[in-house]
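Note that subunit A is present in both complexes that follow, paired respectively with subunit B and with subunit C.
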Partner chain A sequence: MNAFDLTEDQQDCLQELINVAMGQASDQLARYLDTFVYLKVPSIEQVRAEHLFDSLNEDLAATAIVSQGFFGYEGIRGEALLMYEPQDSHRLADLLGYEAGELTFDEQIIDLSSILTTTFLNVFANQIDNQMSYSAPRLLSGSLGSVNKHLQQQAFNWDLALKVRISYQVTDYSFNCDMVLLIPEEAIINIKTVIDRILAEF
Partner chain B sequence: MLDALSKNISDQLNTGILILDHDFNILMWNRFLKVHANKSDKDVIGNSIFKVFPELPRKWFERKLSSVIQLKNQSFCSWEQRHHLFELSHSRPITTDSDFMAQNCTFMPIEGENGAERICILIEDVTDVCHYQTQLTKVLQELALANRIDGLTQTFNRKHWEECLASEFSRAVRYKQDLALIMLDLDEFKVLNDTYGHQGGDIALIETAKSINELLRMGDLFGRYGGEEFAIILPNTDLAGAEEVAERIRIDIANNIIEFQEQNITVTVSIGVAVVNEQDLRYEDLISHADIALYQAKKLGRNRVCIAKKKVVA
Partner chain C sequence: MSANVLICDDSNLARKQVFRSLPENLSTNVQLATNGEEALEILRSQNVDILFLDLTMPVIDGLGVLQALKDENIDLPVFVISADVQPEMQTRVLNLGAKAFLRKPIQLDILNEQLRTHGFL
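Right after this comes the complex of A and B.
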């Protein structure tokens, strides 16, 4: 066990914070999208940097990745990757309430990613008395081969990734996407400090 | 004090700031926008954003802002998806070919006086980024092309041609389709080089490639295999079809008169033709069959087409 691993209590606490955040975020999304949003309990796992590629490779079907940076007080920061599967993407424009042809596929998934990421992280930040800012979302790549190539070319400066798998099911528009939160070393220490504070308050 | 400072700073920022109420009326803008939109306060403040900037895609814009209002989220719009939202002048009208400023826009919810909810739009000038990114993409495309092309003859180079053959071969085997290969070699090329010099030899290669190109169909893949050797992949073509193409190429080249330094050069080619058969396991097998036929054509006196013999299974 090293300084970046979470204890069992810390892990439970984080899972709970994420569950609540997901719950509230999906409620907001349902209202905004004007449809029911069903949501499974998100699975959380830690992935070490050197294993991330393998872990992403399991999702060979993923064809598009959108990245968005986030940063809050107390040194809580990281990068959120949203990964999509191709068959899910046909009716996103419908779902988002745009007219057909009004926006390109790229723009649809960037828009959706931004909404998913910021809605979730805003609620999450709120629970730990924090506040997030975001960089503009960027489409890393449209096809898996180049996604992997892109990731491998990045000189990542983080050691542990928190992989939060979210499966959204929206009535009539079923789609799945994985949200992977990449969190650099010192931000993990900062998150642990926040979690410990919450645990101490119980 | 802070208000005065903020005003001072916001008017010197190289980023546009626009504050709207929930009915999309403009409450405030900063100097950057005023200058680049070239409109005056009285035509802007208090007016609907759609009246001031009629170029905005209204439905899209309203939907975008509804997520900001309802979810209290930041929302973004990058030049890569939409070059610009607002038709603004930019600082490089001479050195770029952009008509309008390329923009990254951020939409965010903010709290106004008495807790009133407002929308703030930040507009960044990314004309430079857009310009260089576009140039980079263009250069990368050119590089990718240059990487596939033989500089002298403008046909595919050996490496790319072989990659094409590998993929055509596996496709043909998988779907049990015809695939033919033509390999051809200029006859007595060394003599030609000795007679007319290397420049003469180069011209002969260029002209030969040109005449072959004119005889090919869309989908045929033509490359320079080696020094004076060319190769053509003919997808969905049987032996008779390939032989016909080969014969036409042979006659065309033999009749072609190449002018070089007021001299007329004629060249002939020897051609080997092969088609994929069931015994072929690798694309290299197809090459060696065509190569053997080509050698046969040379041996039989050049300027002729030879067909690879079908292997008889004993």
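Right after this comes the complex of A and C.
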């Protein structure tokens, strides 16, 4: 076990914090789309640099990816990727209730992504007595190359990353959106410290 | 009044949170289940007076447990404790027979209020 590995209790605690945040983000999404959002148990895994991009590649059946950085106190930071499947991009305007020409596709998808990312992370931060700031969301093309390039431009060490994947399924419209949070090596230790503080209360 | 309590949640932390929030009279005979299948095995074979049930779980989720209880005519008060706070989800669990829907993380005063409302305090 290395310094970045999470113990079973730490993983369980992180998963529960994510569950609560995911629940409130899905509620926002459900209200935004006026429909019901089906939630799955989120996955949490540690990914080494040599596997990070392969692992993302498996997720990248996406046509559009919106990336947004997040920065909290105590060195908690990372990158959120919102991934949309190809067939969903065509009906996004209908789902969001926009009139033709009201917003471009890029603006629509950034709009939705920002709501999901910030709702999720604000609730997550609130539970650990933290507060998040965000970079401007950025639309990337749905290719591994563009995500890879974008991540390499961040001032993070991606030798090892904590990867959290959350799936939002809007069953009425067969619309799926995956949120992948990537937490770089240096932030994993900081998250472990915060989790240990919560666990100490139990 | 003493009661046999079952707490079903896939998270150890969440199970502890519920256990620690229980009033003294409900804290003596507590069993734990980590998914819906485990909970149903206990509920089919033992006398349980009150179930605290999570929704988003592996194997069989909370909705699956509520549906099975209904199908098998297992009648007991179920308090759903979930992070999935969508109004439609709250309606679904109440329609499936749950006594109450409580948001995660559990709030002691709200839990006590619900237990009092349903005669457990």
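Operating definition for what follows: the second predicted complex is superposed on the first by the 183 of 202 C-alpha atoms of A that agree within 3 Å, B and C clash if a C-alpha of one lies under 4 Å from a C-alpha of the other, contacts with A are read in each partner's own complex, and residues count from 1 in each chain.
The rule we apply is simple: contacts are C-beta pairs under 8 Å (C-beta built on N, C-alpha and C of every residue); 3 or more make two chains touch, one makes a residue touch a chain.
Keep in mind it's a predicted model, so treat the numbers as computed, not measured.
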| item | value |
| --- | --- |
| Clash or fit (per the criteria above) of subunit B with subunit C on subunit A | fit |
| Partner chain(s) touched by A:Ile115 [first = subunit B, second = subunit C, both, neither] | first |
| Which of subunit B and subunit C A:Ser26 touches, first, second, both or neither | second |
| Superposed model, angle subtended at subunit A by subunit C and subunit B (C-alpha, nearest 10 degrees) | 150 |
| First, second, both or neither for A:Gln131, with subunit B first and subunit C second | neither |
| Which superposed partner A:Thr193 touches (first subunit B, second subunit C, both, neither) | neither |
| Which of subunit B and subunit C A:Thr7 touches, first, second, both or neither | neither |
| Touching partner for A:Val37 - first (subunit B), second (subunit C), both, neither | second |
| After fitting on chain A: smallest Cα gap, subunit B-subunit C, Å | 14 |
| Subunit B - residues contacting subunit A, complex | 57, 59-60, 63-64, 66-67, 70-76, 78, 80-82, 104, 106 |
| Subunit C - residues contacting subunit A, complex | 10-14, 16-17, 20, 56-58, 82-89, 104-105 |
| Parts of subunit A lying in touch with subunit B, wherever the complex brings them together | 28-29, 31-32, 96-99, 102-104, 106-107, 110-111, 114-115, 118-119, 122, 133-134, 136-139 |
| Subunit C-touching residues of subunit A, taken from the complex the two chains share | 9, 12-13, 15-16, 19-24, 26-27, 30, 36-37, 39-41, 127, 198-199, 202 |
